[in-house]
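Down below are the structures I want you to see.
The following pair of complexes shares a single chain, chain A, combined with chain B in the former and chain C in the latter.
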Partner chain A sequence: MSLLQDTRLHAKPPATAAQRPALAWAEFDNPAAWAVAVILLIMPLIANGFFLIEIFGTTLILGIIALSLMFLAGYGGMVSLMQLTIAGFAGYMVAVFGVSGSANISLSWPWWLATPMALALATAFGTFGGALAVRTEGIYTIMITLAIGAAFYYFTNQNWAIFNGHTGINTIATPHFWGVDWRSDIPFYYVILGTAALCYFAVLYISRAPFGLALQGVRDNPRRMAALGFNVNAHRVAAYAFASFVAALGGVLQVWNYHQISPGSIAVERCIDILIIAMVGGITRPIGAFIGAFIFVILRTFALDFLVHVGLDGNRFRLLIGIGFLVIVFWSSDGVVGLWERWRRSLAGADSRSRGGGHG
Partner chain B sequence: MDSVAQRISAVGAGAALELRGVTRMFGALAALTDVTLTVRPGERRAVLGSNGAGKTTLFNCVTGDFPPSSGTIRFFGEDITHFPPYERIRRGLRRTYQISALFPGLTVQDNVYLACCGVSRGRFSPLRPSPNDALMHSTDLLIQAVHLTPIRQQRVSELAHGQQRQLEIALALAGAPRFILFDEPAAGLSPTERRELIEILTSLPSHIGYIIIEHDMDVALRVVESVTMMHNGRVFKEGLPQEIESDPEVQELYLGGGHE
Partner chain C sequence: MSRFIERHPAWALIILIAVAVLLWLIFAVWPPGLEEAIGRKKVFLNAVFNGITLGGLYFLVASGFTLIFGLMRNVNLAHGSLYLFGGYVGYAISSWTGSWILSFIIAFIAVALVGIILQLVVFRRMEGQDLRQTMVTLGLSIVFADLMLWAFGGDFYQIQTPSWLIGPIELPFVTAVKSSGEAVYLQYPLVRLVIFAASVVIGIVMWLALNRTRVGMMVRAGVDDRDILAATGIYIQIVFVVIFALGAGLAGIAGVVGGTFQSLSPGEDTRFLLASLVVVIVGGMGSIPGAALGALIIGLAEQLGSVYIPTYAIVVTFLIMVLVLALRPQGLLARR
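Up next, the complex of A and B:
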């Protein structure tokens, strides 16, 4: 296989598998990660319905959508502003193919047929958008994906035949089988948690597989990737396909959560929210998407009460989110994850300094 | 891609690399003018010339980084003039870059592993390699070949210049190369590192030919059997190393004027 096998260049035996820590699940030996996992699993014992779905469920759903952006931007270097649009497309498809209050639009397919259909169509939609976007780089990728998001928003506003215009589609049915209402708080929480965990570990796993490594190679140096035998654009489109599927999963959960979808759910400012979430959390690590989503949901939910409490107009809650965004990005270009890692490093640094201090 | 029969006939066709009238324009500026060049399989050749002579542009045309404006390029008999770079690489062409073109965010091992993936199947594989994966094995061998085993887990951004140059070479040796283009591999290396480089180049299997761009005549003339001298985007002279070295015109143009 290797040309060097028949040369005298390698006298030493090849390294053993044990010497390959890069392929290990680095996150598994972290006690904090285990603690978070346990808390998330027993959450229904701690939190009531409001907190369970409105805070944690919503966090995980937004986290899944932001994770799809993190995958593209953090590993692939492609900032896509259409991830929420893809999620929204999946949501609309659930409404159109499934059961809803708009009987003239919905085809009333059972959920187990409508959901895969929605996922497949949204993935195709996102892959097509990606195929357009990969011809550009940097700011132009942002512009193209934003344009796709804006176009879809205005299209849903004006199209009544499929998307029911600005009213959107209401009272969308959710899965109901094995005698369980899967939209009731506790089962739905576990559905969301399971999907989020699946997406998170899939992204983590792929990041160390040839596909994910090659994507990071494309991010660092696309020209060299071509000179190593990689079809760079094909790789980018494949990354969009994967990220679209993840975003579509988030979109299906989103529409089950609210039972309705309208152009307001996919407005351009919502697309930008996803970017803010991913940036605040930290765009280089999958966990950043969920941390960012948690901060965003907490601020969105409680900023209004807080502002009213201190005697300000409650509608200014976006101002608070904006200031929070500014503060975090100002202190750390890598969001909260970056702050955390810097803090850990400074602790380790102080530790080694105090130990090595005797030498002057 | 191509069948075994095609490959055999291609090898039989003679030249490893054959350029016919290759011209490359950048706007109104001709970086290469009517370059015709033939390199036999297994042949090792130096390309010399002052800055702006068109040496790196020649490499870019061959690898497809910048396709030629006119002319044809054949690789083992196959016309690759209009192929995208990755198709040329998959056919056994390799190159290194004058300024290291690596993946700074990844480790040494990941860099080499990517190079091995690029020229094999499973480039899109979403599955992590198993511990006894063949590509991982080739990766280990390549890292050893360029003496980087102790720092295989380090990120490339933390590497010293000389180590990056060695990694640059490892990336070009991945898979089964048939012909390699080395773009100033010795640039910025210490005397010890230069000796290591010469050792790596001279111990390559004899069926692998290469073209090396090198300003350091001590390195260049020790590792090649023929020399092409370029000037102002044209082939100026071809011959044996001794002939070129002692050629009065060449000395006037290159060795005499401003050679470090």
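Up next, the complex of A and C:
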């Protein structure tokens, strides 16, 4: 079942990682990475409230959710369309267990109890979905996870007892302790940034840890890994569990960001958006998820003005996204990261040729 | 059939008992205790008939999906968009000419043409790259959804039922017995029955075409082993185009059907994509009889669920999918 090999969708093969052990951490030698890190850290000095949360905060949150998909697809070879559903489930659980405007539904637990509960339940939900999805392979995973996502969307729409139907749950309380309102712009930005950094480095670490290497082995050749004594399905389910936790973190941040959650925020289109983000950014590197999220958020925020400015109908934002996605899928299966790497390689190639270097 | 009973006697018994109970519930006059427990028989019969006719509609959508998947390994996630496009075309034709039958023909042709174009321009270039094809269909579904929203707006449309099909018909199923001893029979909309009969006919024709004709033989051979079929000298691209056109056209017809007894609006594409996904997961991917069985099960589960446990109806559908995946991951009627 080399479905993914055909599309060259998987991340750096483990062989390369073995040759250059410091590959994943190589970004630390890269001045550009340091510059980005510093800019992100001092962002509150540069950007005002709107840009800070609406652009960078949202980018990082969507990036976290897309990162969970990138982890599954890039290292595990499983394209899961239910990552946003898991995030939404975590968001709903925060609303149900925590404090919100719907007093008849919310249990009004304090945030430090409600949030771990939401994370645990969402992880369990995602792991269960993963355990279902790993019963089939490759292309079927998309179908099953899409079916799970869509079913959950319709369920939240129908169910009034827990999910409050299509109105959703509003005015959800956010943490407030040590005299700090953690939802006010600057603290919240650092909460998001911290979580995003944690998830990013956790994914980088796992990709090089024995578990991550085994997972990549399972992706490349499940049969051989099984013959070597690895439990293929257990690795896959464990990957789902980890990715679900990451997605759940994103979901909790998202519900704190908007103060509300409704079926609209977990609709099938939103689930597909996450896939688009991961694909556009590039599914082979963890950083791709955040790059994709940044492009997506910029487009979503400014496409309307831009389209109106050039004399087109501003409502055609999704058309733009869809066509952009098609273009990426058609010409670069590696997304923007892939384009960037290809460009650098061609530069390096031109460089070595002009110097007369024969190898490369 | 007999082999199935030999191999799984317990399952065969359970299925037999379930079918017997269902038949008894449909045909018998309900004793008063049962009516008190689960409500009136009329409600139940209506739900069963709605479920079966909805299953017919699901079958029309899912059979095209499963046909395309079975032969080309192409999970066409734009199938829901083809359904909705067919519905809109049918609506435009029927409100322009007033002919219901014509709207079916035009919708079939229009959507089949879209399918042919997709196969020739898009999917042929990425043959064998399943995942990439799926991504492309996903992108296409976004583009199509937005284009249709642009063209038709967010309104609800309903295709006019022709006058000769309007109105209920009395069916020979007793729903209740009056105190005078007179039996009350079930009244059911004729149009739904006609559409269901049509989908059964389409299903049988498709089965015959697949199992009794030369083209069907090619298709079946292609499902089993595409490369060997190509190696025997059959120009497989033609077969692909024909099947894609047929599968897309069926989605178009289903769109007209759905527009007649439900309504058309943005979002219906996702609903029917989900329905066809669940139907083929339950029934078995690439199998026409599987699509029929899956459509029947899902249609019944959805309608009975929405009558008896309204806020958890979708969970029933989902649980069926989970159960099938847990017990028989390849689907109920798949061969592998």
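We take it that the second predicted complex is superposed on the first by the 332 of 360 C-alpha atoms of A that agree within 3 Å, B and C clash if a C-alpha of one lies under 4 Å from a C-alpha of the other, contacts with A are read in each partner's own complex, and residues count from 1 in each chain.
As a convention for this text, contacts are C-beta pairs under 8 Å (C-beta built on N, C-alpha and C of every residue); 3 or more make two chains touch, one makes a residue touch a chain.
The structure presented is a predicted model; accordingly, all values stated were derived computationally and were not measured.
A.B. asks: Looking at the overlay, what does A:Gly217 touch: chain B (first), chain C (second), both, or neither?
C.D. replies: Only chain B; A:Gly217 stays clear of chain C.
A.B. asks: Applying the touch criterion given at the start, work out whether A:Val79 contacts chain B, chain C, both or neither, answering first, second, both or neither.
C.D. replies: A:Val79 contacts chain C only, not chain B.
A.B. asks: According to the stated criteria, A:Phe306 is in contact with first (chain B), second (chain C), both, or neither; which is it?
C.D. replies: neither
A.B. asks: Applying the touch criterion given at the start, work out whether A:Arg316 contacts chain B, chain C, both or neither, answering first, second, both or neither.
C.D. replies: In the superposition, A:Arg316 touches chain C alone.
A.B. asks: State whether A:Trp182 touches chain B only (first), chain C only (second), both chains, or neither.
C.D. replies: After superposition on chain A, A:Trp182 lies in contact with neither partner.
A.B. asks: Contact-wise, after the overlay, does A:Ala226 reach chain B, chain C, both or neither (first, second, both, neither)?
C.D. replies: first
A.B. asks: Which chain A residues lie in the overlap of the chain B contact set and the chain C contact set?
C.D. replies: 3-4, 6-7, 9
A.B. asks: Enumerate the contact residues on chain B facing chain A in the complex.
C.D. replies: Chain B residues touching chain A: 63-65, 84-86, 89-90, 94-95, 97, 101-107, 109-110, 113-115, 117-119, 122-129, 131-132, 134, 136-138, 140-142, 144-145, 149, 152-153, 171, 173-177, 200, 203-205, 208.
A.B. asks: Could you pull out which chain A residues touch chain C in their complex?
C.D. replies: 3-4, 6-7, 9, 79, 132, 135-136, 138-140, 142-144, 146-148, 150-151, 154-155, 158-161, 267-269, 272, 275-276, 279, 313, 315-316, 318-319, 321-323, 325-326, 329-330, 333
A.B. asks: In their shared complex, at which residues does chain C touch chain A?
C.D. replies: By the definition above, chain C touches chain A via 73, 75, 77, 128-132, 134-136, 138-143, 145-147, 150, 270-271, 273-274, 277-278, 280-281, 285, 310-315, 317-318, 321-322, 325-326, 329-330.
A.B. asks: Can you check the complex and tell me which residues of chain A touch chain B?
C.D. replies: Its residues touching chain B are 1-10, 12, 14-15, 17, 20-23, 205-206, 208-214, 216-217, 219-221, 223-232, 235, 238.
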